[in-house]
Structures are given as structure tokens and as C-alpha cells.
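This report concerns only the one structure given below.
First chain written, first letter: the chains are A, B, C, D, E and F, and each begins at residue 1.
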């Protein structure tokens, strides 16, 4: 039995709210149950130095948590003057994943900066961030097209992400904090809407996991990505 | 005529939403028109080293802005490894002001850490932060009392804050970004609910301001603090 | 009775020594009693990136204290790798105030960098810094004019600064450390030589202060600025 | 055809040299072809603050590259004052993986600090690091046992790591730099000697990868881990 | 002919002013011609962690230059967040040299922190700093003795320092900036009052220097240390 | 008797291995007994900003120690975000010394970056670094000449370095860690192959040293430089 009473293959309630703040070209509040992340996409009509003159664009991402988004207050990274290793790792994961959604040449010499800020954490913040950020990214690309900054179609495909794990010996989907903190294995899966793998990251927290367990977890993720892609599409159509 | 159509002595719509996030002992979303700040108050049952063994508590505060809370994206301070001078200055102002609301001896050896994170900025973020944070602070103190961590009454009085300024030659209340960015003088006023001054900070952006202008601005602020105190009380009663 | 035996409206001995060090375009030792600050003004014939090509100049300021300028040694900020919040706050105040003295367009594309380094502290270092720095600034502008770098008159007006406070229930002028450390309210007032307010910053350290107390403090400051302006003029004429 | 002329399932020459430097409790030079990493294991008979008094030990890891271990010189991270995101990410991966080899309770209140410093890079530095570091870790544990610092057996199992990828449409094992820089997918696999997964990290560099491709890559990795485990055992027996 | 008109073996005017600022246990303004340094010695009645419980004291030193102590303004190290390599090197030299003057066991568990802050630079700031700091150190030790904090005599001997160099092919003493910036060789010599070498640091700026040149420079330094020791004694007697 | 059984004027076994790693234009492993340093020279065909357009080149150097190159593990400077003072000081010494070997004008607008990374330390790491780095520098210059990047001869002369000291009252050559940690005086001598002094740095660790002791140490160093120069030449001829 899962602490939340969900079945092993059941997602939490997923809500995607567009135009959540007013300044950004794409702004989304994404909620996976009690996990809530503000994802914004900011357009800059230039590229970083290492790409200048190469005729392509860039997508970059940064992740952060409000100090009291968690059960006990974390030190503010800006005040400490240093980001935690975990923050750096997740920022890199989000950026790398979202670039898989984009044809950087079609984007032209524009940069889209993604910010994912967790305002309330209850497990799965990185996968919620990617799922929400891809909607904000789509809105920013629509803004670029509407404003004549790009001509072709930079969005190759939507991507979405979900966590799966082995909890009390069983593969379960979309772990909340109660499960995540005691799971034996935690696997984050980022996929395209058409079912290709963009990134998989699995870690045995206690015992090593078996090929069978890996397959069981991947099957749950594949099913969930279909639902998450539908939720993204519904939000973008709304 | 003000850009927003307000009269010179008119506040923007002020909304104070308690229990905005679930983990903090006090959590408030404060809105002054389009300025939106999440204020949390986190209890730690210990004090910083410089206060250990002195039988009193502490209130500290930190302020931040989400990178795209503003019209153009600002660099993330955590990634840059350094807070801007403005951030440091505002954090210090919030902490100093809130300590004026508290009897630190009655608080006992507990610390309340205030975090004010701006999710959408439209002028007046520091005064909205103080007004909202004082409500979060009151909730945290209620939590301490309900949990038997303090016996007396650490909350001496509520405080609230508002900005006033000289805009096109006239004293106006609660400047939004359109006014703030072209005001001749900007004055932040922090007061107790009983009408005492906790802090005043006035800056001539262009020409120096006169004693008469100062008095006109202070009068607007005094009137507004009464309204803001009422809004705080209503929220706490809600 | 004040610890120093002064009357409530009495300044400490103010001394302004020009050409204190030999390299800077403006170099002043300013003393308010035992508070001693070296203020230098350094000319650079260029502007920061954000002003290039805009046909105007800039004035910037930095403040520091020698580690043993105070009663107990403070950690050296350069060795620690980080400035204290108080240092950042005062640097910003000095720069903002001095820019009110200058017509930045008449300054042309030149920058004047002000350094205020406290060699001995006894209260009121920020207001002494501003008062001395404005004389160094005037010298630097004279250097620019004498060397044909500017044609018009960038100095709109001299500014000066003083602290006032409520000490043992009474408004007093120019607090030394003995008073400052136990004052109920501390107010820094920066004014033009013609009596306009450039900046006011007042903080209730204990109880909130009343409108009457504010008016009493401002009256003391207004009187003192006349004396300080005269001292500046005398120094510049010397 | 692979640039190196290897078959798809062929490892590079793997050499593991123990006692490479004289000070560390465990010191290994590991070579996967031209990739060369010095792995040391340093024993400290205490634990970090967060573990004090809990009766268990800790394993931590740091990774670095000499500035000219690569084709063009990289900036020295110590001089820059900041580690790259990639460095942080790999350090965390190494530490997390090695902890899976250890029974932290049996280790007692001792810490083993692993340092992996790349002196020459030709692809696969993180997997070579883990494979070599586990041998250094075993030596450090033998030192602890020989010196009476631990009584039981903290080493649960050896772990080893290898990279696999999709190169020109085919799954290949142990990519060198020439392959790695143009691979479509890169997957790092860390396994126990008994065939359990400790960590898998796969990234689509260009197109998403399919479940079949994932399975082909995992099969190559599973076969290679058997060979790497044998090489580790031979080194430890030598 | 030297730019200053001095003979090759002639020191600049050396002035040592004690009790220059009022807070420090030892405070000296040292002047070698136009080079002016404030040297303070601050007593702390404890030792750094690495010396606790060992029954000995410590002497540490830090060096800094005011931003406009030099011909063109240098960036403020505290604002930049990093000390220059030169600053670190000189701070270490001063501390190491002064510890040679002290019997650390006789000092007991006390620390003396030396701060040397250059307010005007004209060559030879590090040697002037050491010469002045030793007088401040003596005053601090006298303070410790007068206040009953030490019983024996921690001051083993006074030390002093001077720079010598090869300028236009000739050995010269106490180089000012005009000479220093074009000298072929620069040698800093720190000696005890009894003629022993504490530290020598010589650098060929252009051509290598010969053993004969080294001897000529050392002879000048030995003669000068006698004069500097006399000046220190006179100041301490004054 | 020396701990190693060497005579006072006896160097440790010196080994210089060229082409130690494959990427750098010059790569040397230098060993002085158990002290082992990897020295690489990296060519960049540009110069730092302060030299642009001046028609000359630059040589820069950085020094580091692997965390467990020493008897007890040192904190990794890259992880700490700050280099130790000793590291900065040695990096500056190496760069300054090697520039004495080079005609910077003949080098043209090219930079050679030297990295000296200690993989095993047993005393004398800075002097071993300089001796090895000069061979790597010669190889890099040969690379520049072979690739037509420079026309003349930038290498004016080889330099080499050795430490000497006073150990148990006697002058000894090339101190290992056992001697270095208890020596009364430590002197580092950098010389040209033709016997000129490039840099001398001597420090009295306990008692001051006498002119006679200085001469005895210098004589040992002069003899050793002849041997080290021969070893460099043999390596370059090999």
C-alpha cells in the first residue's frame, strides 16, 4: 500500500497553469500533487559567446528551491554564495533534456533561458520541472514566431518526465516525498511524446536493482509519459 | 493623473493569503496589485552563536527575486555566487523592521527566519514584503505558543509598510513600477499599527525634496498604514 | 547630559584636510571628533559599460573600515572574500548621495570613483564620509576642468551629511559611539547646501519614534548642515 | 568500424596499478587505453558532523582533471575559485556509487575520502575513475582492518563501471574520445560484481534512443563488468 | 645619479609615529619618504584552533593597500571578493618575519594580529610595513605585560627590513617607486637588530644577478638595518 | 648524518621524463627522489589582454598539489573555492622564474601556460617544479618553432632550481621532507645554466642565519645547479 493510497501505476493529480506570472514569454505553474514549481521561459535575442556567428540558438536552464519549500528550511544559496551540487546537477539535467525538444538551428540566434523555482516540494521536483518547463518553452517559441523572430519550427517534439522507483519491493510511479525518502531505487525518465528516451537516471539507494526491476520501472514510466503528454497538450490548447 | 488611474492617496488592491505553502510555520502570499511576494516564517528552536545563553531570541530575514519576476530576466544570484547590493540592503531592512515588532526576550531562545521571495514585481516589493512578512511572523509566533515553546507574548505590535513618492510634482501613495521608475523622490515608511515610525528611508532621485514634500508624503503613509493594519488583522482573523 | 559634555545641538570639532595623499585627483582627511576618514576621488576618463555612448558620466563610491579602526578588531573583508551587508549598504548610500551633487551630463564620459576608508571610528562614519567625499569630489572636478576634460560645470551644489538621534529621550546632533550604541533612534540626513533633502534614513532601535521626535531631529540636522557647508567652503577656499 | 579498430564489444586495454603513490592508504593508477586516472583513498578516523554519534562511517569522493589532461587546456578550477557543473556532477556520482559497495555500519565511525584525478583524458574518465577507485577503497579497508580500526567486513561487494553508447547506429562498448564526441547516445553503467545495477545514466545527445537500443547497450555493459571485475580481483591478488 | 638625488647608501627620511590611532594595543604610522603605512597590532586573548591547548601564542599579519594609495586606482579587493596574489604573498612574509621576533611560548595563549594598510605608496611598502609593525608589536606586548596577561618576555629581539636593488648597474638602498619600477634586481632583506638574517628575497627583473652584486646589496642592507633599528628604539623610547 | 644517508652536498636521484602525457606541447614528469611533479607547457597563440598589440609573448604558471600527494590529505582547493596562500606564492615564483629564461619579444604574441601538479610530495616541490617545467617549456618552444609560429629563438637560457638549508647546524643540499620539516633555515635558489641568480628566497624558521651560513648554502646551490643543468640537457637530447 502506498502512503497516498494510490495504485502503483497512478500519477498524482497533475495541473499545468499557463500565464502564471505576467512578465515572462512563457510562464507555467506545474503541480504534481503537492509539488509546485514555477517554470518561466525568457527569450533573449542573442546567444552566448561560444555560439556567436554559428547560426544557431541555445536553451539553458536553472533550478532553485525557495528556502522553505521543504519540511525544514534550507540555507538560501544566494546568501551562501554557492549552489549545492544537487542544484547544479538538476539544472544541467533540465537544460540538456529541453535541448532535445528543440531544433537549435531553426531557433536562430536566440536564447531561451528556463527558470524552474520550486515553491513547495513533495518529491519529484526535477521531473515536474521538466514537464512544466516544456510547456513554458512552447509558449516562448510561439512568442518568437508571433513576433517574427523565427521563421521555421524550432519545436521538434514535446518532452515530459516522471520518476519511478522500487518502494517496498514493488515498482511504483511518481513517488511523493514519503515514498522517495525510503525508496530502494529511484529512476528519473525523460521521454519524447513519441516514446523515445531522452534521458534515464537510475540510482540504487540501498540494494542494487535487477534487470527485471529496471524493466518494470520503465514500463510504468512509458505509460505515464502518454498521460503527461496529453496534459501538456491540453494546457497548450486551453 | 496616475498611470493606473488611482487617486494620489489610493492604495492598490491588497490581498493577504495565509497558509499559502504547507511546510512553513507561517506562510503568506501578499499582493499589492501586480506585486506578489511569498513570505514564509520558519521557526528554529535555537539562536545564532552570538546570542547563545543570553535568554533571548532572534528574527532574521532574507529577500530574493525570482529571475523573471521582472520585465527583463535578472541573473540568478545563487548561480552568480553573489547577492546584489540592493538585495542585501532590502534583507537588512526587513529584518531590522520586523525585530521592532517583537519582544526578543519573550521569544526565548528561538529564531524566526523570514524569507520574502518576489514571484512578480510591479514596484513596492520591499514594503509589500514587510507587510506580508509580519502576518507570517504572527502565525509563527502562534505556532510557538500552541506548541508550548514560548510562554509570554513575543508580539509587541504589528508593523506595516508602504512606499510614497513625489510623482510629477505631487505626493502619491503606493507607487507601481510605472510611477516608481520616473518618480522624483521615493520614500519607504515602516510604522507600527499604533502610528509610531519604525523606519523611514527617503531618496531624492533627481532634485532634492523639501520639508513640505516630506510632510505631504508622511501624511499619505500614515493614512495608508491604518488601512494596511486593518488588512493584516482581517487576514489573521480569517 | 551627553557623554562628551556637548549641548544637544553641538557638532563635534570638524576638520577637513585637503591634499592628504599625493596620488588622487581629490584627497581629503575628514574628522568629526575622533572619527577619521580618508576620502579620495579618482578620475577615469571613461564610463562603465552600461553608460557607454550615452554622453554622460558617472560617480561611484566604495566604503571600508580598516580592521582595527574600531574598538575590537573586525575581520578584513578582502581576506574573508566578502563585504558585510553594512559595508554594501553604506557604499550605495554614499554613491547615491554624491550623484545628487553632480550634473552627470555636464561631467561628460568621465567617471569619478570615491573611496572612503575609515582609519578611526567613533560614530557617524557614513555621514563624515559623505561630507568629506564631497570636498574630494569638488577637487576632482576642478582637476577635470583644469585639464580640459570637461567644459561646463558638473558640480550643481555641495552636499553634506550628519547624524541625529534620540538619546535618553532627547534629540541630539552628531552622535559619537558612546551615544550611538545606546540611542533609541538614529537618523542620517543628507542635504544640499541650499537646504533640500537628498536622503533621510531613520531607524528606531528600540521604541518607535513619533512625528514630533522626527521633526526635532530634522531641525537639528538642518542647522548643522549650514555649519558643515561652511566648513566645506572654507576648506575649498583654503 | 570503430576509430580504434576495436569490435563493438571490446574494452580498451585496462591496467590497474596499486600502490601508485606512497602516502595514501589506497592508491591506484587506472588506465582504460589512453585514459589515465590516479585514484587515492584516504582514511580519516572520524565522520562528518551530520553523522557524529550515529555509529556509522562515510565514503566521499572528489573528481578533478589536470588542466592539460585534455586536448586543449582547461582553466584550473582552483584558480577560478569554482568547480564546473560537470565536475560536481561526476564527484557526486562517484561517491554515491562507491557507497553502494560499503556497509557503512560495519565501517564504524571512519571516513574514506576518494580522490580521482585525471592525468590524461581519452573518454570514459568517470567510469575508469569508479573502477579504479573501488580498488583503492578495498586497499583502504584492508588498511583499516590491519590496523584494528574496524572489526567486521565493510566491503559488501566490488563495483565497476563502463560506458556504452550508440555510435553510427550501433551499440558499442567503452567509448574513447573520438567516439564519445560524436556518439548519438552515451550511457554510463555502474554494476556490482554480481550483476546488480548500482546506477545507470543515459543521455541522448541527438535523437532519442529506443528501448531496443537501451537493451543492446545494457547487454554490452553487463558483459564488460564481468571482465572489469576480474581485472580488479587480479590487481587485488597481485 | 638616483632620481631622488640620494647617495647609493642613503635611506629616505624614516618617521615612526606611535599611538597613531586610538583603539589598537599598538598603532604606528611608518613613513619611508612618501611611502606611508598604518600598522596596528591587535591583541586577542586566545589562539587559532590549530594551537589550542599547546601553551603557546601566535602572531599573524595582513597587508592591504587603499585603492588610491597608488598612481592609478586599483580595484578594491574586498569588493572584488579576492585578494591579489601579491597581497597574499606580502601578508605571509610579514607574519613569518614578525614571528621571528617573538618567543611564542613566552607569549602564552594570546594572538597578536598585525594589520599593515598602505595609505600612500612610493616603493618599499612591504619593508616599511615590517619595520613599523615591529614597533606596534612591541607596544602590544607591553600592553600584555602591563595588563598581566603575560609574565615573561615574549619579545626576543626587534627586526627591521629594507629593500636594496641594482639600479642602472649599481647597488642602491631603499628604492622609491621611480627606481623600483626600472630596477634590474630587487632584494628585500629582513634582519634582526643583532645582524642575523630573518628573510631574504631577491628577484632578477631582467638579467640574472651575480654573486658580487648580491654581496654589494647585502652590505647596503646590513648598514641600513643598524639605522632602522636605532629609529625603532628612538620611537619606543619617545 | 642526514636521514637519507646522503652527504651534505648530495642531490637525490633526479629523473626527468619527457612526453609524459600526450596532449601538451611540452609534458615532463620530474622526480627528485620521492618528490614527483607533472609539468606541462601549453601553447596558446594569443596573449592576455594587457599585452595585446605589444608584439611580445607571455609565460604564466600555476602550481597545485593532488589532495593526497602529502602525508595527510589536504582539502581540494577547487572544492574549497580558494587557493591557499602558499599555492599562490609558489605559482607566482614559478612564472616569474621561467620568464627569466625567455626572450618575450622573440616569443611573439604567443602564451605558454605552465602547469605544475605535484602527485607525490617529499620536500622541494617548488624547486623540482621549476627544474622540470623549464624542460617542458623548451619542448613547447621547439613545437612553436617546428610549427612556424616563431622565427627567432625565444629560449635565452635554461634555468634550474634547488633548495638548500641549515639542518642540525650544517648546510645541506636538496632537503627532503624529513629534513625540511625540522630545518633551521630554508633557502630556494633559482639560477641560470651560466651561474647567474634568478631568484633567491631564504627564510629562518627558528634562529636567524648568518652571512657565513648564507654563503655556505649558496655554494652548495651553485654546485647543484651545474648537475641539474646537465640532467636537463641530457633529457632534451634523449
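Before moving on, here are some points about what is shown:
To be clear about the criterion, contacts are C-beta pairs under 8 Å (C-beta built on N, C-alpha and C of every residue); 3 or more make two chains touch, one makes a residue touch a chain.
From a predicted model like this one, the values you see are computed outputs, not experimental measurements.
Separation of subunit A from subunit D in touch steps, taking the shortest path, is 1.
Chains that touch both subunit B and subunit D: A. Relative orientation of subunit D with respect to subunit E corresponds to a rotation of 120°, obtained by superposing CA atoms and rounded to a multiple of 5. Ranked by distance of CA centroids from subunit A, the top chain is E.
A straight line joining the Cα centres of subunit E and subunit F is 28 Å long. Inter-chain centre distance (subunit B to subunit E, centres taken as mean C-alpha positions): 50 Å. Computed centre separation for the pair subunit A/subunit B is 33 angstrom, with centres defined by C-alpha atoms. Counting partner chains per residue, subunit D shows two or more touched chains at residues 81-82, 91. Annotation: chains form a contact ring; the order from subunit C, going to subunit E first, is C, E, F, D, A, B. Residues of subunit F touching subunit D in their complex: 21-24, 27, 34, 36, 38, 40, 42, 44, 62, 64, 66-73, 76-79, 81-83, 87, 91, 113, 115, 117, 119-121.
Residue ranges of subunit C in contact with subunit B, taken from their complex: 85-86, 88-89, 91-92, 96, 100, 191-192, 194, 196-204, 207-211, 214, 218.
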